[in-house]
Structure formats: structure tokens, C-alpha cells
Amino acid sequence: MADLAGLVSDIASRLQAATDRGRVADYIPELAKVSPRHFGIAVITADGTEHVAGDAGEAFSIQSVSKVFALVEALSRHGNRVWDRVGKEPSGSAFNSIIQLELEQGRPRNPFINAGAIAVTDLIAEGRSPGEGLQSILALIRRLSGDETIDLDAAVAWSEAATGYRNAALANYMRAFGTIAGPVDATLSVYFQQCAIAMSCRQLARAGRFLMAGGVCPVSGEAIVSPERARRINALMLTCGHYDASGEFAFQVGLPAKSGVGGGILAIAPGRASIAVWSPGLSPQGNSLLGTRALEQLAHTMRWSVFNPDIL
Amino acid sequence: MADLAGLVSDIASRLQAATDRGRVADYIPELAKVSPRHFGIAVITADGTEHVAGDAGEAFSIQSVSKVFALVEALSRHGNRVWDRVGKEPSGSAFNSIIQLELEQGRPRNPFINAGAIAVTDLIAEGRSPGEGLQSILALIRRLSGDETIDLDAAVAWSEAATGYRNAALANYMRAFGTIAGPVDATLSVYFQQCAIAMSCRQLARAGRFLMAGGVCPVSGEAIVSPERARRINALMLTCGHYDASGEFAFQVGLPAKSGVGGGILAIAPGRASIAVWSPGLSPQGNSLLGTRALEQLAHTMRWSVFNPDIL
Amino acid sequence: MADLAGLVSDIASRLQAATDRGRVADYIPELAKVSPRHFGIAVITADGTEHVAGDAGEAFSIQSVSKVFALVEALSRHGNRVWDRVGKEPSGSAFNSIIQLELEQGRPRNPFINAGAIAVTDLIAEGRSPGEGLQSILALIRRLSGDETIDLDAAVAWSEAATGYRNAALANYMRAFGTIAGPVDATLSVYFQQCAIAMSCRQLARAGRFLMAGGVCPVSGEAIVSPERARRINALMLTCGHYDASGEFAFQVGLPAKSGVGGGILAIAPGRASIAVWSPGLSPQGNSLLGTRALEQLAHTMRWSVFNPDIL
Amino acid sequence: MADLAGLVSDIASRLQAATDRGRVADYIPELAKVSPRHFGIAVITADGTEHVAGDAGEAFSIQSVSKVFALVEALSRHGNRVWDRVGKEPSGSAFNSIIQLELEQGRPRNPFINAGAIAVTDLIAEGRSPGEGLQSILALIRRLSGDETIDLDAAVAWSEAATGYRNAALANYMRAFGTIAGPVDATLSVYFQQCAIAMSCRQLARAGRFLMAGGVCPVSGEAIVSPERARRINALMLTCGHYDASGEFAFQVGLPAKSGVGGGILAIAPGRASIAVWSPGLSPQGNSLLGTRALEQLAHTMRWSVFNPDIL
């Protein structure tokens, strides 16, 4: 096996110095303030070893990466009823597109585009106060990371709520079709807050360990989800985790992964590693530019792509 | 490891007896004549062992499964220039949809929907007669299968050409944008013929072996494509191989695979197996109903999903 | 000239007895309570004569017919700045479709589909309280009708607000693009209330007289809009007044007209007559079935189509 | 009445000198050769007086203006069966868009977009040789114009056929749904040739007289179509005659009219005048820029808009 520690540190050095860093998301004012200079990486392997480099300890807004944890929480609470509300197909369109909703009677394509994630959040919030809904997601993330200090960044949540008109359009549209059953404002409130959860690469990689390990947290031994469900969540991350660049990511990197417009990506090499990268500059499709490059180099060198024959 | 021979034979017995068999494609008259009673399966493992059951020796129309071999041929001939013509993203729409072409200036989303495959075929036919174009695809398939008897079914090719108006619409539309550069009729002629290639499950599983083995034919030792390219073709098969049911297939089965409306599916368990199944009845999205079920049972029992942690 | 009085009364008799009456709108609960048995008609000719029949004196919810008056009010207040926000083209899609908004950067096709009307209302409400915005529309309608008793039906307004998720989606979507500048809730509140204005056929026909008469109210002699603007509003009513059935209406009837899901239609025969009809049962496109039939018979018999040569 | 002769000559002088002349269509190579300097106008009033100015005697490619005559011919031959194949609604999209066809099962929105006109031509060619189909359209135009010399420009027809891939896509797509029943190549051949008919403004204005006069040719007294049908064709020209700029044209000019990418427009003031203008430079939507301006000035000064009250 390649020297993973050296590789992680090499990747960080190279990418910290990169000049083409993409564009920081500016449609949420609070996110626009983050410097594009950041780069962090954390890799946790199956045996529990942690390799970190760069700004791996600095918290950032996980944004859409939270959709993975929200899905886990909704599946735990409602089981496969979740799939009555959202599909499992790549959308073929942008993360915030509303066209598909009209063409398909208000049913979002998958839980990792905004519409789908809002529908998932609505299920989590069902029969609860918005506060309880949010706390259940936070509690899951804290448990997975083994870190009770993780919390949301209220300024970001506020900023999202104040400018989240397209998400409000999606939520109202789905409410008209019954895809969302609860009060639109309450569901959006939970959604904006879950997106504003702040985590470091190290915390995020820890939170992803159960997906590397067949659904079991390798530290506590707790079964978070069944092996079947872990496999299926990985499949969804691979086909839908990068919006309308999911195909390209699978082609280049070959790992289940979920990105967020805060510049973070959580990637899973099943049986091998849970990986988190962060760099705020984005590609036109809204995925971290340097984060993607880091994962490409890591997966290539380590031969971690799920499409490699020598995964044997 | 589970008893693969027994499993293959079990699956065949069960599915030969299944009553809900889907609907045989009827838009190509010649295909509509095939009996839905057929079921065949062939599994070739990394060590070269072949397990076959049911109608594994009977030839069927491979239809869109040919898109995998056409892509390999085009990449061999033109390298990454192929990606100037077609994308790598799931389309989010039906196999024969033309909407995406208009919204994206005549560039098809990926090489495994009809439009993309026609563009790939156009590259193969570039600077050649239609006959030479077709022969190059046939030659590749014969070499991969080690079987010089494989040929096309002229009646099916003729039937497709006579009713292929939607494909003609796609080809003409792309020609208007330069995605196709050659004469539309010549390109369509090669396309209709490549779809009409007839193969048995056994032949098809053999032809897929190089994708299981990092690009190398395990029998001849010949490098068909680079390991990198094999990995990437697998990625495309996983994200785009089942049209607008690709996400569901990844979720349920978790293997790179390409289906055809003749009822065949070629699936790859990287490092493990090359698998071909055939049953003519289709799901509403145009994928073999029993073929999919067979792959689900096989992948589940053998733990072959690429999203499993124990691929280690 | 035909005997108009006799014709109006004939039409009413025939249509009151009609058995195929369409379907009363049910997506606004309060509207669903209205009996489909109603039919009313009022025709006011250029010389001021009024012919009424059936339920011409009974108030109904004018719904989208209010979009004509809102447009007049916005043009009076903001002039051609209105056209920076909305277009003048038929939409080719349903009254509440959101697809066009995404394809055209949040700019609605015309002021007579829901999105366009909401954008117009936002201009009216600009720099005012919602109450003032609504009052300005009501004041215009009362002035045009010469009837200070016209008011909104609060139960309908409330019912619309409580179920208006698709309109809320449209408003939020446009707010994201700046097509709407004010607070979404305030704009929607004015919009839902303007739709709930209740008028009788007689009142509505009176309110439309200025469009028959080159912009001048024939009773008061007041210039409501310039002749140019009156002509152009008539043009918009003809091309866009019946959503995605506007072409059919122009083909069959040939008059500028605006329909509402309450079952009312205001139609203008320039230089000849202002006409209001009402019957709550709707066609699949959301236009009054018997109202359309009444206008067809009236326009045909009176030779009032704007496409007739003998308008000379 | 204004001095029409002086007005026509004024308009010609001003527009011949205009500097912003739009862009000559370049997607048909033969059309791209035409100089943008041309401007012609011909106005024939109800009493038969002809006013011409500029290049009113020079033949140009009528292109889509031919769709009006093809529709008349198809209606004469097949009656309302035509409406089984095409709709009567504005399309809301570009003249050569294919999206609407997929969303609406291969049925074109109206006979004045390319898809609809091809479907109409297919009906004309039904049961005939392509040559007979074309001759029937030519014969109608010659009869209406009283000019047996009118013919097609073979170089233009050839140029269109050689580059008409988008039209071929539309035709093949409709053939797949049965909207077109005949051989695609034969139908396209008639279509390309009818578009290549060359006429002068004077000839075109003469050919349009029957639409001004309730369906009757004012010279021969022959009833070309019923008054009802003439009125309805006028309605279609108003709602659909300028593709996705039809609403704007109705708003600005207010006359039924059909434009072609050769730069010609035929406009009808019912009961008043048949008008033809020509200037090759186009707006972005594909309509003659100066032709539209000429019609706007003419309609405004003469008060010919069908939406004016003083049409009395």
C-alpha cells in the first residue's frame, strides 16, 4: 500500500498552493465571506488511523453534506416510507432546479438535490417542533462523530433563511402536491439550520465512518444502519451526490461522495476509508474544485475507486 | 464463498418459472416476435470458470448492450476526442428523449442513451464506409468473445431501420449541431446494424471479461483498454447504463451494467466476475425485468455490489 | 343588425338548460361550493345600452379577470416599466406552470398567467402597505363600474391564501430573480385578495367599457388609459387571455377576453361592446365552458370577431 | 383617411435609409447571399387600389409565409381533419423547437411553426407524388395572385434540403408518432420546395387579398375559403404568425400576419387591406426587422389594428 500519511500531506501542500481555486458561493451572503485559501483533508482508514492535513481542524458550513445525515435520520425514523416521497434517480439538472418537479408531479428525483432534501427534512420534522427535528439531526451527527460540541452556525442559518427564495419555491411547490405534509415555514426552518451545521474535516470524516464499515460505527460497534442500507446510501451518493456533475465525479474519482456549497465533500471508499475534504472555491456545478482534485489524486494513488478490479 | 454454480442454477430455475415477466419490446416488430419465456445467465469469474444456466447458449439481439463495445472502439480510435461529442452524465430522461439535446445544443448527455450512442457510432464510421464501421465493432466483439461466428441478425437490423424514426430524428438533430459530422443515413445504418448484433449470454459474458479485469482480456492477456479506461467505462455503466432507471439499479444491485431492449444485460463485478443475463420481458423503463432480478439475487448473495465494504 | 336583446336572452335560455356544464374549480375549497347551474350574461354596446340575462346580477369571484384591472393599475402607476418585469408573449403552458420561469430566468411570459400577475401586483404594492395596494385595485374597479359597493369575498381570499402553495412557489421563485422586489408574503396577500373580488356580470361588463371605447369611460368621459394602451391591452387579452387555450379562443370566438377560474369571462368587441359572462363549470384548461360557448354564439351572430372583414 | 399613397412611399424612403437592419438569415446558405439593403412594400386596399414602393417588384424567398397557403390548400383538400394533426395554440417556443413535440406526443402546436407546417404539407402530399403536392400549392398561389409566372427558386430549395437537418429531425420525430403518415423524404422535399417559392411584395399582397375580403378573391369573385375559415386563418396568423414574437407583434402592430426568414411578411387588415413587406434583415426571433417596423407605422397611421375601437 502507498504511504497514506505522506500522500495526504503531499496533496495538502500541493493544493494549498494551487492558484485556480474556483469561486466561493456567493448566493448565501454569509458563505461569501469565507476565504478561498482554505484547504483541509482528513482520511480515516478501516483500522481507525486518522491522517489529517491543512485546515482539517477548522469548522466550515457542511451545507448539502448534511443531506446524507438527514437521509439516515429519516430512514431510521420512517424506513422505506421515505421512498414514497423521493426517488433514487440522478436528476440530470441543477441542484435547485424546479422543472423536474413540475414534470413529475412534485416528486423530487432523489434525496440529494435540494427539493429531495427538503422533502426528507419534512419527514424528520413530522409531528415534532422544528427544534426537535433539528436536534435529532444534530444528535445523530454528534453521535457519529463522537463529538458533542458540533453545532450549527446561526449566522449562516439566518443568512440562508433570508435569501432562500428558491428553496422556498421548491418547498411550496411540493406542498401543493403533498410531497411535503407539514407547515412549509417549519420545514424550511429545519432545512436551513441543518445546512448551517459547522464541522471540520476531521469531524466529518469521523461521522462518515459507518458508511465505510457496512453501517456499523467502528469505534462504538453500534449498528447505525443495516449493511444493506449502508450499501444503498453509498450507491445514492455515487449516482446523485454531485448534482449534475455526479457522472463526471464517478468517472474521475469513482467513490460515493456528497458535496456541499460550503466547499466540503464527504467521500467513502467502502471497506477502506472515510474521507473529508474542504476548499471553499466551487466548480460551475457547485462542487469544491480543489476538494474534487484532492479526492481524484487520493483515489487514484490508493486505487480506491469502487470500479477498480483489485479491490479484491 | 457461496456455491456459485448452485446459485446460478437456482436463480435460473426460479426465474424460468416466474409469472410476472414484463413486456417484450414491441416498437421494433422483429423483436416483438421473441417469446417472453426465455431466461439465460452466464457468469465468468476472475479465474476463468464459467457458470451457465437456462438459455445461456441461445443468441438474442444485444441492442443497447452494443453501446459499450462501440464506446470502446471509438475510444481506441479517437481517444478522449470522444468526450468532445458526448458527456458523462446521467440524462435524467428516457433512452430516446430529444428534449435534452435541444436544451444542451445538440450534445448528448452520455454514450449510453440513443443520441450519445449514435454520436459515438458516427465517430467510428468517420472516414470509412458504413460496412467498415460496422465490421470494426463486430471484429472487436469477436475478439473479446473469442468467437468468430458472432454476427448481426439482418432481419432485426432491417426492422429497426424501417421503424427507427425517433433515432433518425436524434441523428438529424445532432447533425444540425455538428455533433454528428458524417452522412446521417450512413451513421444510422451502422447504428441500426450494431444494435442488431446477436449474441448468447455466454458470448456476452466472455466479451465483458476485460472490464472485470482492468482492461486486460484474461484469456489472451491482451490489453484491450488501459486500467484507467476500464475503470471509467465501469463508472459510466453504473451511472448511465440503465437509462432513467440507473439510480434504482445502482441502489438495488450495485454493479456497473448495460441493458438492451432485447432483454440482455451485461454486468461487471470488478475483479470478480463478468455476467450476462437475458430475459426479453422489460420494465416500463426498458430494462429486462427478470434479468435485473437475477442480478440482484446474484450480487446480494455473492456480496458483489461495488458499494459493499467487504470487497476487501 | 341582429336583435341583440333577443339574442342575449336566447343564449341565456339555451345555456341555462345545457347539460354538459364542465367542472367547477375545486382546488380553492371556497370556489368548489358554487353551483354549476349558474349562467349569467351582460352586454353593453357602444351607445350604452345594457342587455342582461340569467344570473347577470349575482356576484361571483372574478379570479383571474382581475389581472386585467391590476395591469391597468400597474401601467398607470409605473408606465412601461411594467414590461421590464413581464413579457407579452403567450406562454404555451398552463396558468400555474413554473417551468417557463426557470428556463427564462424568472421573467414571466405575460401579465395574464399567475406568475405574471403576481409580478404586476408586486409593482402595485411597491412602497405601500398591502392594504393600500389592494385598495388601489378595488378603487379602479369601482370607478370603472360606477359602483362603490364592489368588494372582495374574504372567505374566498382566505381559502386561496390557505391553499395557494403553487402561487407561493411562483412568487418565491421570482423573488429569487428580483422579478418581485417586495416582501413575498405581502405581495401574495394582495394577489389572493384581488383574485377574490366579487362582481356580477353587469358590474364586470361596465368595468370593461373603457377597453371597448379606446380607453375612455363612455359614461364619465374620463380617459382611463390612452387609446394606444387600450388597443395593446386588447391585444394581450386576445393572445394571452385564456392561458394555453388562447389560440383556440381566438380561433372560435375572435375577441379579446380574459377568463377566471370562478367561471367569469370579460370580452371586448372594440368599438362595439363590452361583454361579461359567467358559468362556474370549467374546461380542462380552466376556462368557463358555457361562458365560452355563449361568447362564440354572440360573436358569430353579431359578426363581432375582430377578424371579420365587415367590421367596416 | 390618411393619404395612403404618400404614407407608403414615406415609409419606404425612411426604411430604405435605416441603418439598423437586423441580420440576414445565414443557416440556409443561399439566403445568406441576399443583400440586407432591400426594402419593398405593397398595399392593396379593399377597393383594389395598389400602392407599392421600394423593391416591391423584386422576388424574394417567401419561406414560412408559404405556410399560410399550404394551410389553405390542406383545409380545402381535407377540411377540419387538418386539426387532428396540428393544434391552434401559440407554441411559446422557437420556430424550430422540438421540445414541445416530445412533451405533447408528436402533435405540433400550430400550423405556422416548422413542425406544424411539415405536418400540413404531409397531408397535402398524401396519395400524391411530391411533384403533384408542390404543384397544388403553386397552383393556388398563382391563382390567388393572378400570376402564372410565380415559381420556386431551385437553388434555394436545394440549399434548404442540403442543410435542413432540424426540419428532418422534426419530420422523423412526427413520423414516429404518426403525425406524418407519408414517406419522410417525400414530405420534406415538398416542404423545402414550398419554402423556396419566390414572390415579390406585389404578388404576395395580391395572393393575400382573399383573407382581407372574407375568403373571396375580390378580383375574380371566387370563394377561396368560407368567410368563417378566412376569419379563423386570420386568428391563427395573429396568435401564431410570428413564432415566439407573436404576442409582441400583436401588441405593437395588431394585425394578423405571417413572417418568413427570407424577410417577407404578409399582413391582413380585415376589410381594409392586404399588405406585403420585405426586408431581409431579421430580429433575433427570425422576423423581418424593418418589415415589422413598416407594418407598425402603417397600422398606426391608418388605425388598422384589429384592436382599435374605430374600426367601426
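As written, the chain order gives the labels A, B, C and D, with residue 1 at the start of each chain.
Here is the rule we go by: a contact is a pair of C-beta atoms (placed from the backbone, for glycine too) under 8 Å apart; a residue touches a chain by one contact, two chains touch by 3 or more.
These numbers come from a predicted model, not from an experiment.
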When centres are defined as mean Cα positions, the distance from chain A to chain B in whole Å is 32
Distance in whole angstrom between the CA centres of chain B and chain C is 55
In chain D, what residues contact two or more other chains?
none
If each chain is a node and each touching pair an edge, is that a line, ring, star, complete or other?
ring
Chain pairs in mutual contact under the definition given at the outset
A-B, A-C, B-D, C-D
Quick check: in the complex, which residue numbers of chain A touch chain B?
46, 87-93, 100, 109-110, 212-214, 227, 230-232, 234-236, 238-240, 244-248, 250-251, 254, 256, 270-272, 305-312
Listed in rising order, the residues of chain D that touch chain B in the complex are 97-99, 101-103, 165-166, 168-170, 172-173, 175-176, 184
